[in-house]
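You will see subunit A twice below: alongside subunit B first, and alongside subunit C after that.
Up next is the complex of A and B:
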């Protein structure tokens, strides 16, 4: 499978301030790739470097095998971008803005504009300045997709959309993906990434901590364990190799566990158990675990 | 073409406002001459009583206001200030408006080279500057005709307007360069305004001397003086300097813009 996005040791500093450091990314053709990290982790910096809005300090960034700086114009012919915050020319109506956006591509986008606006229930004759944040976001989605791009880059795309519209949006993205589009989906809302992505890169302090398949992240690697002991028992000194984020509250213990399940059960079994719960942790919890580890994996 | 069309549409309203201002300045100014002539007031005699620095502030140091051409020279000075300020604002808008309004993430992620986007924006601004300068030429002539002045000032108006055009283009290119080079767009706008105030003050300083010499270099507003233009001389060295500076600033602006990190203010 060929890589649509490929970065090698991509680094960006704003003067002395860190943006991203040694970012290695490889997004394959046809996949929905999640990019998760908290605000300030470097997600938008990486995206803006890929789009040529800002220039790298060092390293390499390629889209469709072309250099993001030297061949930016050719790359952008086939890229649709939805920024985290949408700002448009206020005095324009939505349809005027979308036609203006379409005028940059050598194709007739009028049918797509109608289809996408209908799907998102967007009033095309309304002025952008009179629109709510959610509706402005819809304009952003349509302008990002109207030219049927091969690569769709979404930076925190669902902010401002109500849950019903989020559902429609995800369906739209899946449809674009089924059409063959590759999607880079940046978010700090992990359930969103979990919902739609095939693989995910976790970024912290400008560095990629790990890139994994969503399923791998959730597969037996981590367990969320909680148990409660009988009143007479004492669990204040509970510990288990492979356990982290151990929280002891009275007679209840909860932690994230990675390791041999037999060892876990024998450790817990030493206590007079009243109740035990072993579940798959949510991506949020896995994610927090990464942060607390400072990214030191394996 | 799509960018030029949008820019023309977006900048039309300010153009209309500036045009109204220029119209009022030209017509009201030219009408004053009618009043002064009717009342038999000798402005030269009055202005002789003022310190030279005060006359320099209002561009009256070397104009014979008893004649229509001399009187027009004073109006032309303020018109030059007007077209220069307008050009500075257009320069800032062309180079930095998208980052100030945060629309840059829309425009600069379209498949167009940055240099072509900037060219289109500068082209649209240039259309407005040229139109504004044509009106700067038309208004005083129209006023002169409407008010029935017998003196022919076509040559003087043409020379003053040509000078204003060159000076406004210089301020425009300086404003573009300063806006592009500044890390922060607001800072770029501030620098453009500071540059104009500096040029204006230097112009006043020049006028306080009989022979300012090299000081003129620091004030584009004095590259073409009223005395020279009224005597039919259009300074070739300063014209060449203007053209050179305009070319250099524009080239540098393109160079910096190609490698500029576009981020919100």
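Up next is the complex of A and C:
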């Protein structure tokens, strides 16, 4: 399988500030590749370097086998990009903006504009500046996909979209992927990446910590568990295999858990429970517990 | 072509307003004010004649130039120049800072166009609009001149002086758009550039006797009065204008094509 995106020791510094350091990425044709890391980890820097919006300090970045800086114009003919925050020209209706966007590609995109905006329930005759954040994002999605790009780069694409629209959006992306498009999906929300991606690269402090298949990541998924027991109960001696960072405060217990969920539930079930909460830990928490040792697994 | 069409369409209304305004200024000055001004020339000549001979000679010559149609045009066109400088800077800032102001630089820079191409097309759009506006301005000026029976071949060059001046201020506008981190107001920034140049011109007028050169006053580089008095704008000032244009545009081009695009 050929690599659509390939970077070797890609490094970007903003003056003395770190952007990304020695990033090695390889995204294969036809895959949905997740790029995950906490805010400030370097996801957007990597994406902006790939798109030629910023210039690398050192290393190599190629898309479709072409150099991202020297052959940027040719690369962008087949790339669709959705930034994390969407801003467009003032005093333009959505349809005017999308037609202007379409005019950069040597193809008729009018049918696609109609299809995509219908799927996203987007009013094309409304001025972009008068739209809500979610609707602006929809305009961004349509303008990123209207030319049926071979590579779709999404930087935190779901912010501002309601859950129903997120579902539609993921369906759209899957459809684009089925058409043959490769997708680079950046996010700081683990569940989003798990939901749609084949492989994922985890980035922290500008460096790629690990690249793995989603199935591998799911095997190692941590849960953030907290529960409260009834007033008469005592939880001072609570422990569970696979639990870490157990904190007991009065009748409440919280900890990070990795392991068999049945075991977890049976352990908690032994106590007279008032309330239980099992959530996905934030990425920061995963990094704290999973990558404590400078990127090496515990 | 799409960027060119987009930019020209966006500038058209403003450019039309500026063009009509500058044409009106020149019509009002040359067809409205000049005849009244000319009426007082007889009285002024009598007053000058009462001055000492040497002084009266020099002053009389200056007055003769000022009271000529060409001389008065030079005097009146200074105000058109201030106006034109602001409009040229405004057009350039509006075009080159459009994405920066709307925070959508990513939009245009992720389209399959090289930054060189985008810069060149944007510049071309400003030049075309300025050229179109100046064709109207020059045509009206020539018409007004011919209605007054003017025959001096240099008048055409004098009428073109606005365009030459605007090229400098357009370059300054491009420079400001590319190098300033934030442009809050197009008109505010353009007015600051224009009035800054106006203040430098006023300073050069005050210091004219002590320091006759006016390199620091670009609004005077293409002064039509100097053209009618000396036969040329002055090679050194034309050279200065070329340096300003080349350096401003060159530095802006380099920054636009090689600089990191600010993220929002």
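Note that in this section the second predicted complex is superposed on the first by the 224 of 298 C-alpha atoms of A that agree within 3 Å, B and C clash if a C-alpha of one lies under 4 Å from a C-alpha of the other, contacts with A are read in each partner's own complex, and residues count from 1 in each chain.
We adopt the following convention: a contact is a pair of C-beta atoms (placed from the backbone, for glycine too) under 8 Å apart; a residue touches a chain by one contact, two chains touch by 3 or more.
Computed from a predicted structure; not experimentally measured.
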Superposition on subunit A - do subunit B and subunit C clash or fit: clash
Which superposed partner A:87 touches (first subunit B, second subunit C, both, neither): both
Partner chain in contact with A:55 - subunit B first, subunit C second, else both or neither: both
Which superposed partner A:100 touches (first subunit B, second subunit C, both, neither): both
Subunit B and subunit C footprints on subunit A, overlapping residues: 14, 48, 51-55, 72-74, 76-77, 79, 81, 83, 85, 87-89, 100-101, 103-105, 143
Partner subunit A, residues of subunit B touching it in the complex: 2, 6, 10, 101-106, 108-113, 259, 261-263
Partner subunit A, residues of subunit C touching it in the complex: 2, 6, 98-99, 102-107, 109-114, 117, 258, 260-261, 263-264
In the complex, subunit A residues that touch subunit B: 14, 48, 51-55, 72-77, 79, 81, 83, 85, 87-89, 91, 100-101, 103-105, 143
Contact set on subunit A toward subunit C in their complex: 14, 44, 48, 51-55, 72-74, 76-77, 79, 81, 83, 85, 87-90, 100-101, 103-105, 143
